[in-house]
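Look for chain A in each of the two complexes below; its partner is chain B in the first and chain C in the second.
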Partner chain A sequence: MEDAPSDNQPLRILIADDSDSDRLILKTLLRRLGHKVLDAANGAEAVELFRQASPQIVLLDALMPRMDGMEAARQIKTLAGERLVPLIFLTSLSDADALARCLEAGGDDFLTKPYNRVIIEAKINAFNRMRLMHETLSHQRDLIHEQNRKLTEEQEIAKRVFENVAHTGCLDAASIRHHASPMSIFNGDILFACPRPDGGIQLLIGDFTGHGLPAAIGAMPVAEIFYGMTSKGFSASDVLREINQKLKRILPSGMFCCAALIQADFALNQIQVWNGGLPDGWVIRTAAEPVQLPSAHLPLGVLDATRFNAAMTILKTCPGDTLLFMTDGVMETRNAGGDMFGDNGVAAALRGIKDGETPFDAVMGRLHEFSGGLLEQDDLTLVTLEMADGAALEGLSDRLQLSALEGPAEWRCTYQIRDRTLGQFSPLPLLLHICMEVPGLRRRSGEIYILLSELYTNALEHGILGLPSEWKSTAEGFGRYYEEREKRLNEIEEHFIKFSLTHSMTDYGGRLVVVCEDSGRGFDFHKHGQPPEAGRGYAGRGLMLLHRLAGPLTFRERGNHVEIVYDWHFSEAGKSENPAVTKSGVSHE
Partner chain B sequence: MPIQTRRSEDGRTLTIKIEGRFDFSTHQAFRDAYEHGDQEVKAFVVDLTDTTYLDSSALGMLLLLRDYAGGDNASIRIENCNSDVRRILAISNFEQLFAIH
Partner chain C sequence: MNDRPHLDEEALAELQDVMENEFDVLIQTYISDSAERVSALRTALEAGDADALAKTAHSFKGSSINIGAPRLGALCMDVEDAGRAGRLADAGPMLDRVESEFRQVQEMLESFMVD
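Our next item is the complex of A and B:
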């Protein structure tokens, strides 16, 4: 404290003694020592003076008329409250019990009469030091309280901002179960889920090194990128590359984010997984042994863009299969004996799933038992995603505001990508973005995205890469398909895919014509005059979907030129029920 | 002393040995161990013989050492990991950045 009085600064001292002569002696003595003295002739007067002048040290005679020293001591200590006011009894008593009673009443010490000048001076100085120390401590404690209050208040505000940015997205979807630790305002764990325009879900679970503010600051751009790019239709690999690059740039060297990104596609019943530094994920299958999804990459924010590997593991699933991911906190949960739950704990929990029990409840249940109910102290996150039929979300279309029917109505655009770019870049987000400028199409973003993405996948995988879709009907072929896809993508030369989009207004709404051409060999489309039947396996689902959404496709040239006509109605542009599509049956030319 | 250092006879290799838990509490001591500015040291060995546990902040410290020692050109060997420690290093795929023995 800047104004802390030193040992020899004058003090305000209250003395109370009913003996006029004793009082005078003491008063003179203290004045000579340089102190300011207030004097009272009995206890009641002393209490009153204390109230008025708040002296710093009090000397009280034990035996006085009207109110004795003991009672006065009790009242003065109450009045002093948190302040330390040293209270010394003046007494000629020598009986040990009486002296003890003085201290019990709140006295700090006693001085025996007759007075000794040296002892009085020494005691007053000693008690003054104690008083000053107490004052300093109280002051510092108050400062800490105040700082802490401000910090908590700031954190509360920061938390609200954080929650707006790093919101939980569609974690409340029926197919998702999750547990997120309530440990602190900002723990280092993140868990985000976002619907994709095609009705699938993208899920990000992660664990930043460290806790608190630094981890939260890292989480904010991750959330922004994840939600922004996922809802625009960017693939999981694109999202990962962007997040990694951002974290590499903004985080200090020692900080990174262990994470897993999962892209679930309900229509195709497949998941794509990327695990960088998180414990093994699992797919718990309805009809087969569970599959482990171990970490295959460095965490996010460690490698620079040129060395970062965003390759996804692709897995075929069946309805009812459940994906499970968790952060390190699950592994590190300890029991009373100090043992960790670990991989074995998770594996045992999954082996012991009872009939009708979900994998989520099984793992959480074992974890609770294991920790003996101390789970809440840990910083852990656990999430499951069930691959259920009909788990597809409405897509983003319902969340977009339908503005007045303004925007581009009559337009045409052509976009062509060639060669190496075919393997590195997806044109879908860009094309979707262009279509979404038309207010009447905005409600239909999910359908438009599926339309574009199916055309693109067909053109790339079958048209250019020449991959036979029959491969995908067996589990082994499925893996081979994607390996071969990767290999052939790297060898593309002299190839292109060209999209031509034309939008025009009609009497009832608008019409979007999408033409997709590729440089591949094409196929004998006359044989494919009928849309493929449902249930024929995984292949051909794309064309079936397109047919359902927009009516027959028109194939031209050697089958490498596909046209789709998609109509929308004014009357239904604002609703989200059945597609406002007129089945415009365009025949083969 | 939870962290000990030893120089090889030619002075070119610095061995940092960590005893007990390798976590945030050893942050300063670990940094002090290599940041003494000796230009002669060309290679680092992190000896985890007596390390019982390693957490994500320790992984961060290893990355800091890697940066200090020249990033992609750094020569750092991590030696004698027990199975728990090895598991943590494996999950994070640190063998892509360090020579782990």
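Our next item is the complex of A and C:
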């Protein structure tokens, strides 16, 4: 609308003076300076001309008939709105009060009579510079507003994309309580939870260095890896290694992700924890003192794969125990005096838990109190997970989408892992993946996983490593069991575990036969063939689980050759509540 | 009491420079405007309208100063002040002086134009 800002352009100048001779002088003067002049003989005319021609500078006589200069000035300033239109009073007034009234009415300066050509030119130029500067500023302000609007809009869109990829998974599960700001992703905080095929939960809480979009970018691959691998049955260590390697590769140096990964197994009532750089986690026990879980590793994305340590701390829990983790924002919350909440704040909150209060409410309550109700930091994430009996998530398999493609029906495969690999690699995701190619099995991934993992764990821990399952029943024995497991794994030589999977179609559905052989000494299965007694070789739990899922096991040779037959029905292929399994040996109608 | 010159020759020369061909138009405009103002002043005084007297005197003062007639400007200011203060009795003699000064200025300006 306005002319492009430039110092030498002719201006449209409005002058208003009731004296014809004065007007003539001024008009001639300004024209000779190269400007375009509009002239009015009174205030009303001046306002009308201003409305029509929107001049850039206005010169007004203060005292005029038919609306004096002051009233005209007020109306012109209103019409100009946000535009700066310099308004100079032409006056022979001499008393200070009258001059002050002119400025109050919106005048920017005076020109006194007699007119002086040099002063008029200087003032017009000075005010034009001011006008141009104002125009530039307004323009830049509008640009900034527009940029800001766009940025906010983009963030909204980015947030939606993030939410699709880095969705919160099963954070809504009954066993989980959490606090996370909706925009926390832009401060680099992440909180994901995903069910495992065996009914457990994996939980990832983290905090990227830095703020804003750069900090948020890393959340995308982390979410992809975390959800993808967890739901396929990969262990927490495998997930960690993969995330670490990815972040190490994509993040610029100096940027990393402090994180904790928790794998909760409700059936076994145990948790595995890895804390790399986050504040201490806690296990709040129903029947004992809380246990602190300090960071034992460098954050994700710092070390290369060869130096990265994904060893999990394994803890036995009881139903009702609660795990608590948080990001730095909790530690750094300040009170009015500028003190930080810190570990002491968390410890005090946990000591002060009232009857019936959850650790989550206790810490959040204390945090609110501490911050004086100003708990608005965006980068503050807190999560608790309660270990409850039967907290296992049902219906995970229902969430998986069935592939439209027909899968293989008649097949057989054998997979054997040997020696060092036994201690380094879990074949379970791979075997599960092979089974999931069969559409009829896809909805049963949980059961198949449990089946495979029970066979594998038993073959490895009892068959090859010879660990007695009784150890796990006491707290001391529990620690010893896992220490010994680690030690013996490192010493494995000349051992193997071999899986043979055979799938074939039946009249009513399909049959998966799983044979698991190991190179261990075996055991006397004739004595321990039936549940519920706990055999030397098989833990009672594992045996019962397998029995429930697939009926009796067939032991062969010296007890190190186990066969399971898992039948499934077409008619119940879509259901997941009741195992659609025809138990081996039970005739089918 | 008023030792300002009738005409400010320097100011007039500058005006002449600025106005070029329109200088004569300016002078004629000023003279006809001023003649109207002199009679307006007289009317206001006779009507006892102090406000109109002050306002007209103010405008007259401004244009006189601008045209380069400082003494007439100063005399107009006396009338303006008297009008503003409501001293209409004092304004009569002042107005006489304004009228006679205007006649003088008019004569001088006309001769200026002829030059």
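Everything that follows uses one rule, which is that the second predicted complex is superposed on the first by the 558 of 589 C-alpha atoms of A that agree within 3 Å, B and C clash if a C-alpha of one lies under 4 Å from a C-alpha of the other, contacts with A are read in each partner's own complex, and residues count from 1 in each chain.
Note that in this section a residue touches a chain if its C-beta (ideal position, glycine included) is under 8 Å from a C-beta of that chain, and two chains touch if they have at least 3 such contacts.
Everything numeric here is computed off the predicted structure, so don't read it as measured data.
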Look at where chain B and chain C land on chain A after superposing the complexes, then choose clash or fit.
-> fit
When the two structures are overlaid on chain A, which partner does A:S21 contact: first (chain B), second (chain C), both, or neither?
-> second
Touching A:R117 in the superposition: chain B (first), chain C (second), both, neither?
-> second
First, second, both or neither for A:L63, with chain B first and chain C second = second
Is A:L29 touching the first partner chain B, the second partner chain C, both, or neither of them?
-> second
A:S253 contacts which: chain B (first), chain C (second), both, neither?
-> first
Superposition-derived angle with apex at the Cα centre of chain A and sides reaching chain B and chain C, degrees in steps of 10 | 80
Scan A:H297 for contacts with chain B and chain C and give back first, second, both or neither.
-> first
Once the two complexes are aligned on their shared chain, state how close chain B comes to chain C by Cα atoms, in whole Å.
-> 61
Where chain B and chain C land on the same part of chain A: residues none
Residue positions on chain C within touch of chain A in the complex are 8, 11, 14-15, 18-19, 22, 25-26, 29-30, 33, 55, 58-59, 61-63, 65-68, 73
Show which residues of chain B lie in contact with chain A when the two form their complex.
-> 24, 56-57, 59-61, 63-64, 66-67, 90-94, 96-97
Can you name the residues of chain A that touch chain B in the complex?
-> 207, 209-210, 253-256, 258, 276-279, 294-299, 302, 328
For the chain A and chain C complex, residues of the former touching the latter = 18-22, 24-25, 28-29, 32, 61, 63, 65, 91-92, 113-115, 117
